[in-house]
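The two complexes that follow have subunit A in common; it is paired with subunit B in the first and with subunit C in the second.
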Partner chain A sequence: MYIPYDILIIIVLLLLGYGFGQLAEKKHYRSIRQRESQFEDIHVFSAKTLPADWQLLSTQLVQGNVVVSVDYFKRFLFSLRNIFGGRVEAYESLIDRGRREAVLRMKQQANELNSDAIFNIKFETSAISRGLSSGLGSVEVFAYGTAIKKALD
Partner chain B sequence: MLITNIESVPGQTIVKHMGLVQGSTVRAKHVGKDILAGLKNIVGGELKAYTELLQDAREQATQRMIEQAQGMGANAITNVRFATSSITAGAAELFVYGTAVVIEDVNN
Partner chain C sequence: MQYQNPKIDNELNVVRQHPLKTFLKLLAMATALAVVIIVFLNLSTQFLVKYIPFEYETALADRLDITKVEPSKEQAYLQDLADRIIDQADVSANMRIQLHYSKQDTVNAFATLGGNVYFFKGLVEKLKSEQALAMVMAHEIAHIVNRDPIIALGRGLSTAITLSAIFGSSDNALIRRFIGSGETLTSLKYSRDHETRADGHGYQWINKLYGHGCGAEELFALFERLHTDDDSKLTQIFVTHPYASKRLQRIRENQADTCDENDSRITPNPLYND
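So, the complex of A and B:
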């Protein structure tokens, strides 16, 4: 009997991607939510100007980056979605995880410096291509800003 | 060396502008790590090897920028921006630039 091994391999990869991908994503979101509540008193602003009445102690550039990759199953979903167009939810969650993780790492750095707020946050997103055939596989999100430490009133 | 990505250094006055300073580095990835990342691509999630690679590269670019500013006699860099561009498949350039300035404490 003829067994189409290549199709078998694709099915196994899809199942692996779906199973472990979902698990990993749930775990990551749990950890993101937990750390977001831990650092919620460090406020992040996209504004450049500081409140005039702040007595400042220190200023420091802080940054955070992460490279996240989408799983095989979601990549397959995307290739289907690409036929008809429309919203690609599989990739939305990837970028969302990346952004939140990058902000959290930046906040972690600010926390180590005992900062109170981060001003002028900038995001940078770049696709890390792995050959032309695989298309968008992984994405790097980089966040940076100026951490400010206030003097006690 | 004080680095900010806003136009000023809060709480300090800029007494002298020294001009643009920049640092860049081009990095390629390790084949072994690339194979591991390829496997990780099946299940998704963070590719730690790449995260570290890019972080190290940014640190080096920043270090080069700081050295340039120190050579000019500056003690702070304001308005810092980062840029990333992939040159070919497998190599990325990390570029950082800012304005070197001399600052003085506003209270003195």
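So, the complex of A and C:
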């Protein structure tokens, strides 16, 4: 019997991508939520200046960096979306995970420094492509800010 | 002043719809789109092909390195047979048949771009009569006269391009499947209609050339025999030439006068060696 191996490979890759991708995403979100509540006390501000009543003890640059890869299934979904338009849900969650993870890593560093809050936080996002034809390979998210330690009131 | 980062319970950035549902919906839409485009393009190739000059086809074949001829006495004999048959067809003078003879044992013969017809030793030596050989030849020549190779190529290309445009150029497997390498040129897929039409024309020309159609049916008898033998040598010709028995039946019905196996009008095949 004739078996179309090339088509079979695509189907297997899709199944693998879907299975492992979903598993990894679920696991990642669980971990994100858990750590978000863990570092709840370290407040994050986008403001550049401190509130007037804060006494500053020390400042320190903190940063968090993460690279998340897109799986075969998500990429296929993306290429289909390209035709009809609309929300690319598959990539939205990818970016969401990247941002939150980067903030968490930054917070973790601040936590190790016994900081109280992080000010002036910024994001950098870049795509790491594996070459033009394959499109978006993985996404890098970099979060950084100034961790501050407060003098006791 | 007290600050707090509020907890956001509602995961706004995470879509609730199951990704498989989205996937299936999009896949169905894309498939429907592909089918519509492919059907349209395939139908238009049949219509547009008469506007492609045969010279274009020849020029294309020249670039594909399928035109090199290795002279031999078998090649000369078969070329002469081809020339006699093409004379029966009402075609313009620029449509010439270039015959190639291969010493491989494959039971096959095929027609491809630019009037190039390939015959394999495996098939040539299995046929007792020249008429059966001429029937294969006429069938393959009919493909060329009907422009089937360029139609098949056009269909393959348009299908491949549509699929790659819709399903993303990253999935090269799909493209290779339809365009492939040079290999595809030797196994251009003709539709069943094309095969039936080629049989009809071929048989007509045989009748014109010999004044009778006796001996032609030997070819289809061979197909049937090989089919039931489950011979490993069964190749393309039988895969793409379905319903050998139906064709055999049609040939027999078309025979105006009866002729038996040892009919005196049947010319022996000088290359027969089985």
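We adopt the following convention: the second predicted complex is superposed on the first by the 153 of 153 C-alpha atoms of A that agree within 3 Å, B and C clash if a C-alpha of one lies under 4 Å from a C-alpha of the other, contacts with A are read in each partner's own complex, and residues count from 1 in each chain.
FYI, a contact is a pair of C-beta atoms (placed from the backbone, for glycine too) under 8 Å apart; a residue touches a chain by one contact, two chains touch by 3 or more.
No experiment lies behind these values; they were computed from the predicted model shown.
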Since both structures carry subunit A, what do subunit B and subunit C do when superposed there: clash or fit?
-> fit
Can A:I118 be said to touch subunit B (first), subunit C (second), both, or neither?
-> neither
State whether A:D53 touches subunit B only (first), subunit C only (second), both chains, or neither.
-> second
Which of subunit B and subunit C A:H43 touches, first, second, both or neither = second
Touch count on subunit A, higher of subunit B and subunit C | B
Could you tell me if A:A110 is touching subunit B, subunit C, both of them or neither one (first, second, both, neither)?
-> neither
Considering only touches as defined above, state whether A:E92 meets subunit B (first), subunit C (second), both or neither.
-> second
In degrees, rounded to a multiple of 10, the angle subunit B-subunit A-subunit C between CA centres equals 110
In the superposed arrangement, which partner chain does A:F142 touch: subunit B (first), subunit C (second), both, or neither?
-> first
In the superposed model, how near does subunit B get to subunit C, counting Cα atoms only, in Å?
-> 14
Kindly list the residues of subunit A that each of subunit B and subunit C touches, one partner per complex.
-> 134
For subunit C, which residues count as touching subunit A in their complex?
-> 1, 3-5, 7, 13-15, 17, 19-20, 22-23, 26-27, 29-30, 33, 166-171, 173-174, 176-177
Going by the contact rule at the top, pick out the subunit A residues touching subunit C in the complex.
-> 4, 6-7, 9-10, 18, 22, 29, 36-37, 40, 43-45, 51, 53, 73, 75-77, 79-84, 87, 89-90, 92-93, 95-96, 117, 133-135
Provide the residue numbers of subunit B that touch subunit A in the complex, in ascending order.
-> 2-7, 9-12, 37-38, 40-48, 50-51, 54-55, 58, 80-86, 89, 92
Residue ranges of subunit A touching subunit B (in the complex, touch as defined) | 13, 16-17, 20-21, 24-25, 28, 48, 50, 54, 56-57, 59-61, 63, 65-72, 74, 94, 101, 119-120, 122, 124, 126-132, 134, 137-138, 140, 142, 144-146, 148
